[in-house]
């Protein structure tokens, strides 16, 4: 009997010794990065956890952008929210306008971290997730910008030396590409590429109220002559066989480029890595074309992708951890690592400089095009937009563009309906915050 | 009703209690929340809300996209219900009649019921894929300029086809059971008076099948309204341009994707009222004609 | 004689067409899964099985896949099985009890309760998912099997079906009450025969719980009908 008791006490004693002196503070991170991107996220998290012993960040994939946002919303309402939540561009207005849902990253870093200066960040990145005074609320995480990819072999076959810089040049070379057996162009996201960034590139105002940053009581300004002219041209090009429309799914239009049905494709700077693996031809990247007739010196574009938000309702100790993690994420090494592995742009000027110094862009000049485009001089309207119910507004846009391209609706009618339906949505959103 | 029933006070309540309890917690409470939400304009995170009476409802009914979805839903449901019921009934009657190979037919016709809507949608995607899909190639080959990603009629065709396909098995199983429950003696007796098998079917068998048919009609309409969500999500996603949006898919889009909780709650209440009205109509007017 | 032959022939043709319609998509999906992706992209969907059956299925089941490359197919299958059985068993028990109560008892709340149950058909899960999340979280059932199963077994289809079924069975109770059967005993007999017949069936509990009771009870009921018709003559 005594032996058993002794053994039990010994076992308990050993077990007690095995309990770590202090448990790491757990930080929950919900994100929408799947596939290869998710693997890189996991790697970053692993490295962070190994680099220090106070905090442990736990990334969880919650599905696509909308699903992750909805999961975050449901969790918040049930008081189960994560510490860090990834929200995409179209959801920015929802989370930023919710009073007190998040702690602005500028405040978080200033209070719990080592300080924050938005000038550390690249021009095109700085303002999208900031408020109207320029204070950054979300920290841009996976940022990309639309670019033009072109099939170098196709261009050689058609006898074209350089990719078009302007849409006027595009119109000139498209027939040559057609003669060589290619449809000239496809693109994967008409709202992002051919509306939002169209406005930025040509420095056209997107909505009233300072592009929506100043208030929620705004109206959309897509129904303007420049857009109507451009989309009239898109329909013309579709009919003439210079533009191929493969449905609204991103992948279908990208596939058309990979399968050499089209010679040029407008996609994301982040598509680079995937294209490199799946294409069997040489391709190059260049800036998004612009209309010389609208603007002489085109402005930069702004970022798509998503940002990380620090959700409210957590303790100070946890926020210290979040700030620590954010600082880790934005240090140069990690930014360059993320940039190289995923194709997303590094968000700080210092990280960009480091990548340049390493000679990364000498080996892969195409990887730099996105950053160069984002670093181009900003104009009044290159900051991005802050519009509520933007997911639904994008649906309206998709529908109207479908109607234009299929011939069901005239450009004039489609844009005027787009305007009234979008404004109805914006009005509802504004009424929520009265 | 000729039915004899027990008069007993506690047992029925005990029997029905578990279901009512679960319904109260997981249905009535969320439903009440949804109704409450439909009268609010609330930001997604629940931090600022306004009571706006029926504004969400008027916004919904006045919304062109909602009206389009409503119209499509009605047509879609009618097509899916009648086609899948019709095909299943035909197959069940024939399967009941044949002798050789009966069980082989029955098994192969039944087992497709086990396929979940999203899986059916994915298989449909395969068959209609522009690059590798046999059906896509077939339709284009017979001269129909088929492109379900761009043309709303083609997209509608695809979702109706897949929804009907998925549902035929389920209806088949129930019809077959219902047919087998009709005693052969009845049919044999009728054969003396009526030579034509078709007429015998419509005058004797079909009315006897009425309880099953009624059940299936109600179930199919609710299936078409609600459970085809999985199919639409994996095939067209409402495209092109909202042409294949059903009302339930729109609720999902606005609530789940667009974070418009007030609007989507109003839409779901309206949807619920529509289906309720349809069901009441069926119970009131059609069940009268059903003989148990 | 000729008429009957034509009829049987047409029956078989219709049935064959039906079988083709229902099975071809699944067959083609299966066959295509046994070829490599390159073959499919080059030639389109395949009709006949190919060489890579074992590799493809091994990869699907046993290699970590999915978007995050962290789930095994076999794990997902196991989860589905647990949830599926849970749903089926839970749903059948609860709906059968409720339907039996509604059909065979006269009590004041019968009709309103039936309609309340029926109303669950009108508000699908997609619509009530966010409040349901809060409730499940509040009950501490997040991330559990139980928490996944319970919200979904409050479905009216089972109750509705059993209601139709019970209603279509004629007056066994009258004959039975002559012998002084009690309601519970009758229910027990039903349940017992239903459960007994479960072993002899097909691919899935769910189906058998629906189909078997019908065929079982209708056999029983056919005998009764014969008795009735004989008595009437």
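When the chains are written out, they are named A, B and C in that same order, and each has its own residue count from 1.
One rule holds for everything that comes next: a contact is a pair of C-beta atoms (placed from the backbone, for glycine too) under 8 Å apart; a residue touches a chain by one contact, two chains touch by 3 or more.
Model, not experiment: these values are computed from the prediction.
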Statement: By number of contacting C-beta pairs, the most connected chains are B-C
- request: Compute the centre of every chain as the mean of its C-alpha atoms, then state which one is farthest from the centre of subunit B.
  value: A
- line: Closest to the centroid of all CA atoms, by its own CA mean, is chain B
Query: In whole angstrom, how far does the Cα centroid of subunit B sit from the Cα centroid of subunit C?
result: 15
Query: If you average the CA atoms of subunit A and of subunit C, how many Å lie between those two points?
result: 44
Statement: Averaging C-alpha coordinates per chain, one finds the centres of subunit A and subunit B separated by a number of Å equal to 38
- prompt: Which residues belonging to subunit C are in contact with no fewer than two other chains?
  reply: 129-130
Task: Could you tell me which residues belong to subunit A and also touch two or more other chains?
output: 70, 73, 77
Field: Touching two or more other chains - residue numbers and ranges from subunit B
entry: 131, 256
Interface residues, subunit B side, partner subunit A - complex: 41-50, 52, 55, 59, 63-65, 130-131, 149-151, 237, 239-242, 253-254, 256-260, 262-263
- request: Under the touch definition given earlier, write down the residues of subunit A that touch subunit C in their complex.
  value: 34-35, 38-39, 61, 70, 73-75, 77-80
For the subunit A and subunit B complex, residues of the former touching the latter: 66-67, 69-70, 73, 76-77, 91, 94-95, 97-101, 245-249, 252, 255, 389, 391-392, 395-396, 398-403, 405-406, 417, 421, 424, 428, 431-434
- request: Show which residues of subunit C lie in contact with subunit A when the two form their complex.
  value: 67-69, 129-130, 133-134, 137-138, 142
Field: Sites on subunit B touched by subunit C in the complex
entry: 2-9, 11-13, 15-16, 18-20, 22-23, 25-31, 33-34, 87, 90-91, 94-95, 97-98, 101, 105, 107-115, 123-124, 126-127, 131-134, 137, 165, 168-169, 173-174, 177-178, 180-181, 183, 185, 197, 211-212, 214-215, 218-219, 222, 226-227, 229, 248, 251-252, 255-256, 261, 264-265, 268, 271-272, 275-276, 279, 292
